[in-house]
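Both complexes below contain chain A, partnered by chain B and then by chain C.
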Partner chain A sequence: MNTKSTLGWTAIGAISAVLLAALWAAPLLWAMSTALRPELETVSSDFHWLPQTWTLDAFHKTLAAGNLLRWLFNSALVSLAVTVVTMAVSLMAAYAFSQLRFRGRGLIFALAMLAFLVPFEALLVPLFRTMNALGLINSYAGIVLPQVVSPVVIYVFKGFFDEIPADFREAATMDGAGPLRVLWSVYLPLSGNIVWAMAIVTFIAAWNNFLWPFIIVTSNDMMTVPLGLTQTYDAFGVRYAQLMAAALLGAAPVALAYIAFQRKVTQGFLAASGLKG
Partner chain B sequence: MDQSALSVSATVARASARREGLPALALLSPFLLAFLLFFLVPTVETFWLSLTESSLTRTNAFVGLDNYATLLHDASFWDALGNTFYFALLTVVPLTALGLVMALLVNRFVRAQGWLQGVFFLPFVLPISVMTLIADWMLQPSSGVINHILGGQRPWLADPYWALPAVAIGTVWWTVGFNMLLFLAGLRNIPAEQYEAAALDGARGWTLFRNITWPALRPVTTTCVILQIIASLKVFGQTYILTSGGPFNTTRVTLHYMYETAFTQSDAGYAAAIAMAFVAVVILLSLLQIWVVSWLDRRDA
Partner chain C sequence: MASVRLRGIQKRYGDNLVIKGIDLDVEDGQFVVFVGPSGCGKSTLLRMIAGLEDISAGTLELGDKPCNDVEPSRRGIAMVFQSYALYPHMTVAENMGFALKLAKVPKTEIAERVQRAAAILQIGHLLERKPKALSGGQRQRVAIGRAIVRKPEVFLFDEPLSNLDAALRAQTRVELAHLHRELGSTMIYVTHDQVEAMTLGQKIVVFNGGHIEQTGTPLELYERPANRFVAGFLGSPRMNFMPAVLAGEEGATAAVRLPDDSIAEVAADVGRARVGAVLTLGIRPEHLRLSQDATSGGGSGGSGGGIGATVALVEYLGDVVLVHLQVAGVDGTLAAKVNPGAAVPAVGARVGLQFDAGHAHLFDEAGQAFAPSRRREAAHAAIQ
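Moving on to the complex of A and B:
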C-alpha cells in the first residue's frame, strides 16, 4: 500500500517536472525556431512548429543592419568596469569595516547599510541632475559610476572577513605589511571563492541593468544590450525572425556565462540574498 | 577583569584606533566618495527637491508641502499605485508557489538535477528586453503562438483586462528561478535524520511534507513573499517596454508615473514627492517583514 502511494507520488512528480521544464524551455526554443526561418514564414497563415526552410538569414541581417555589435561591446565594457571597480571598492571597504579599529566605524557601517532601505529607483531624478551637471550624460563613466555602490557586496565580504581568524592578520602585520598588502596577499587568496561568486553576480546584474542606462543614455551608439534591444523595432520594423535573432544574440553572453559557471552563479546569488549555498 | 586591566585594554584600543585610523580612511575613501555622491547626497536631494518646484535642470522655488498636498488628491498617482499593487497580487503568490514546487522537483529528481535547475533558472539571468521581445512575439494577435494554441485573435497587450496579467505571466517566467534557488537552499538545510525518523513512524509523501518540509521552510517562504512584494513594487521595465503603460493607463505603475512626471513633464519636484511616497511604502513593508518574522518566532517559542 505504502510503496504504491510512494510510486504514485514519484510518477506525479516526474510528470510535473517534465511538463514544467518543457513550459520553461518553450519560449526560448520558440524564439530559436522563429529566428531560424525566413522572414516570410513568420507571417504566413500556415502554422508550423519548426521552420520549413532552415536559414541563418535573420542572424546575418541582424548583425549587418542594427547596432547590435556596438551594444554588445558597450555592455561588455560597462559590465567589466562595474565589476572590477565594485570588487576593488567593496573589498577595501569591507576589510576596513571588518579588521581595522577606527572612530565612527559602527556609525559609518550603519549608514552604508541604509542603502538597503532606499531603493535606487527613488534616486533617479537627483542622479540624473548630478550627471547632467557633470556633463556625464551619454558617457561610459555616467553609466558605470552609480552602479559601483553595492552594500550587498560589502556586507557579504565583511561577513566573510569576520570569520577569518585574526592570527593571519597579526602574523602578517608583525612582518611589517601594511593593510593593503595584508588584504591583497592574505585575505584575498583566502576568499577567492566568494570573490569570484560575487564578481559573476555583479557582472550579470550590470549586464542586465535596464533602468539606469535607460535614464542616462539617449544616443544609440552608447546603448547597452538591454536598452538597445528595445530599439530594434525601429531598426528592423516588425520582422520577427530578425527580432528573435537579436534577442538570442543579446541573451547569449549571459546565458553562456551562466552555463559555464552554474555553481558559482548559484552560490553568488544565495550569498547576496543572505543564505548559504 | 579588574579596573587597571580594563583601563589598559582601553588604552590599547585607543592607541590602535589612532594607528589604524589613517589606513582605514585610505581604504574606505573610494567607497565613501561613491557612497556620498551616488547615494547619500541624492537621497537628501530627493527629499529637498520634493519641497520645491523644480524642472529637470533647475530649482525654481521652495513650496513647502505643496507637492505632497497635490499627491494626496492626484487620481493618476493612486491609479498607478493601484496598478502596482494589482501587479503584486498577480505575481507574488504564483512566484512563491511555483518556486517551491520547482525546488521540490529539483531536489527529488537527483539525476536530472543539473538540467532541471538550469532550465528553471536560465530566464533569470537574461536581460529584461529578451523576455519582452519573446513575450511580445508570442502574444501577437494574428501570428502569435499563444493565440494559435488557444484559438481566436485576442490582442493580449492591448486588452485592458489582459494586459497586466499578460505582463505578470512574462514576469513569472523570467524571475521564478531566483525563488527556486532560495527554496532549494532551504530544503538542503533540513537534516535528513528528521525525514528518517518520521519515515520509521510510517509517515509518507504528503504527511512528510506537511509535518517536516513546510514548517522548516517557513522562514524562506516569508523572505520570499516579502522580497517579491518589494520587487513587484519596483516594477517598471516590463510594463514600460511591453505596453508603455497602456491601454488606457491600465498598466501604468508607480515608477512609470514618476518617470513620466520627471522626464516627460520635467516636473522634478513633484516626481521627487512621488519618489518619497514610494520609499515610504518600501520601508513600511521592510519593517512589516521584520515584525512578522519576529512575531512568528515568538509564537513558536
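Moving on to the complex of A and C:
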C-alpha cells in the first residue's frame, strides 16, 4: 500500500471516529445544555443548541426538592457492596475452577457458565419470591444479593488464573499457604489489573441497574439513582431541566470513578486479551 | 536432616501407570540425583516426595515417619523449582521470608534468618529488589535462599539450572556442591543433564519409563552400567554400540565376532549366554583408538589395525577432537575422542579402530550387561 493510500484510509478512519464520538456525545451534551436552561426555555418552540439564558437553577431545585442525596447514598452503598461481594465470590469460584482438583469440577463450571443463557428477566419472579420469603424486600441485602452472581466475571478470572504458572501455587503451598492464602497473597496481586477492570465494570453495572431495584424496592428512601429518577419525573411533572440535572448528578459519581480508574480498566482488559499495554 | 525411604511407590493417572513401583533409600545428608530422559517420571516422583502429587500406592517415609498424607508444608521439605517461582510482586526479602511469615515466626527472627541465608548465597545487596530486577543467576540464588531460610530436613531441586547459560550453569553447579557440604542437608536433585548428575551426585538414580534402571555412585554407573540404557544415557558422546555374536569364552575373556567378521576380546563374564548368541558390544568414545592401519584385526586382542572404519566427520572441541566413523554393518556412526595433539585423520580416510578388552562392555539381547570379569575389575581398581 502506498503512502497516499495509507493517508486516505487514516483520514477516513479519523473522520469516522469523530462522527461516532459526536453521535455518542450529542445526547450527553444536549442533557447538559437542557439542565443549564431555565425551565421555560426547555419547552420553547425555538430550537437552540445552547441555552439562551445560562442558569444553575435546575440543579439547585433538584438538590433542594428531591431525595437525590439519599438515592446517591443508596446507589453508592449498593454498588460498592455488589462490587466487593461479586469480586470476592467470583475470585474464589474462579480459583477453585482453575486451580483446585475436585470431583464434579467440570460439571459445576459448565452449570455456572450455563447461567449465561438464562436472561435475568426470567429469574425475576423466583428471585422476588425468594427475597420475599427471606424478608428482604425493601432492604439493601435484597437489592445486593441477586446481583452478586456473575458468570462472566468468573469466566474472565478463571481464564486469567489458568495462565498463571502453577509453580506459583505450588511454591506457596510448599511455603504453607492454604487455598485462600494462595489466592489472597499470590493470585490476587498477580491479577491486579484485571480485578480492577472487572470491579469497575461491575460497579457501573450495579449503579445503572434499574430493573431489579425497581422490583424489590417500593420505599422512596431505599431507591437507587436510576429508580429515583422516575420519581423525579413524577414529583416535578414535565420539568426537563430538573430531570436532566438529576440525571447528570446521578451519573456524575460513576463517570468520575471510571475516569479515575480508566488506566487500570484499560490495562486489565489488555492483560485479559493477552496484549501488552 | 532426614533420610528418605520409598517403598513400592506408584503413580497412576486413570489407567496410566507412570511410576511403576519405586524402591529407594536416600540416606541422611546424601546428595542424590534423579536423572533420565524427558517423561521418565523423575520430576513426578520428586513432586510426590514434596507432596504436590498424591501417591497412588506405596509408602513414603521421611526421617522414618510415614508421610503419604502429610501436608507439603509439614514434611520438612523445601523445593527449588525449575522456573524458580519467585513471587513477582514481592521483594527478594519478602520472597525468602514468606514461608516464615505464614508460620507466624516473629518478624525479627524472619529478618535474621533471611539475612543469614542471603549471606551464605551472597545476595544480601539484592534483598529489596523485585525478581524482575534480577538476572537469571540471581533469581536462582534467591530461589535457593527461599528454601534455606525454612531450615528444611530435605531439599528438593527440580532442574534448577536448566534456565541458565552454560557458563553460569557450571559455576552454579560448583556452588551447589559447596552449599551441600556447608549445610550437610539431604538433597534430591532432578536433572536430565548427565554432567550435572555426574558432578553433583553422591548417588545417581537413573530413571526410564517410570522405573529405576540403576542406582549407584557416578563412577559405578559410568564404568559398570547395568544395561544398555544406562550405558547409552551416561557419557557424552554416548557409548558406541555395535552388534556382536558370541564366538567363544576362555577364562575371563569372551570372544565376539564383529560385523566385519573379525574377532574381538572383551573382559566379561558371559556364562549365561551360549555361543552364537546375538549380543551388543559397547565402547566409550574415549576408549576407542584410531590406527592408520585399516586392515581388519578385531579391535582388541587381534592382529591387524583393528575394526575397519571410514572417517565421516571431524569436530574440533578445543580440549578434544571428536572423530565420527562409519563402520560396515553398524547403524549410524561411532565416535572416538582423540587428543588434539595426535594425528587427526581427514574426512574420508580409512582407519582401524582398536580398544582394550578391559574397557569394552557386552550386553545380551534384552540389553542387560554381562558382569565385568575380574580382569576388567582389576583395570577399574587401578583407575580408581
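Basically, the second predicted complex is superposed on the first by the 231 of 277 C-alpha atoms of A that agree within 3 Å, B and C clash if a C-alpha of one lies under 4 Å from a C-alpha of the other, contacts with A are read in each partner's own complex, and residues count from 1 in each chain.
As a working rule, a residue touches a chain if its C-beta (ideal position, glycine included) is under 8 Å from a C-beta of that chain, and two chains touch if they have at least 3 such contacts.
The structure presented is a predicted model; accordingly, all values stated were derived computationally and were not measured.
Chemist: For A:42, is the partner it touches chain B (first), chain C (second), both, or none of the two (neither)?
Modeler: Once the two structures are laid over each other on A, A:42 reaches chain B alone.
Chemist: In the overlay, answer first, second, both or neither for which of chain B and chain C A:165 touches.
Modeler: Touch partner of A:165: chain C, not chain B.
Chemist: Which one hits more chain A residues, chain B or chain C?
Modeler: The larger set of chain A residues in touch belongs to B.
Chemist: Pick one for A:130: touches chain B only (first), chain C only (second), both, or neither.
Modeler: A:130: touches chain B, not chain C.
Chemist: With both complexes superposed on chain A, which partner does A:250 reach: first (chain B), second (chain C), both or neither?
Modeler: The first partner, chain B, only.
Chemist: Should A:56 be classified as contacting the first partner (chain B), the second (chain C), both, or neither?
Modeler: Neither partner.
Chemist: With both complexes overlaid on chain A, does A:174 touch chain B (first), chain C (second), both or neither?
Modeler: It touches chain C, and chain B stays clear.
Chemist: Check chain A for residues that touch chain B in one structure and chain C in the other, and list them.
Modeler: After superposing on chain A, no chain A residue contacts both chain B and chain C.
Chemist: Touching residues of chain C toward chain A in the complex: what are they?
Modeler: Going through chain C, the ones touching chain A are 50-52, 72-73, 77-79, 81-83, 85, 87-89, 98-99, 102-103, 146, 150.
Chemist: Tell me, which parts of chain B touch chain A in their complex?
Modeler: For this pair, the touching residues of chain B are 13, 16-17, 20-21, 23-28, 30-32, 34-35, 37-43, 45-46, 49, 56-57, 98, 101-102, 104-105, 108-109, 112, 114-123, 125-130, 132-135, 137-138, 140, 143, 145, 148, 173, 178, 181-182, 185-186, 202, 204-206, 220, 223, 227, 230, 234, 236-237, 241, 255, 258-259, 262-263, 268, 271-272, 275-276, 278-279, 282-283, 286.
Chemist: Which bits of chain A are touching chain B when the two form their complex?
Modeler: 2, 5-6, 9-10, 13-14, 16-17, 20-21, 24-25, 27-28, 30-31, 34, 42-43, 47, 88-90, 92-93, 95-97, 100-103, 105, 108, 111-112, 115, 117-119, 121-130, 132, 145-146, 148-149, 154, 178-180, 183, 204, 207-208, 210-211, 214-215, 225-227, 229-230, 232, 240, 243-244, 246-248, 250-251, 254-255, 257-259, 262, 265-266, 269-270, 273-277
Chemist: Please output the residues of chain A touching chain C within their complex, sorted ascending.
Modeler: 165, 167-168, 170-177, 181, 185-186, 189-190
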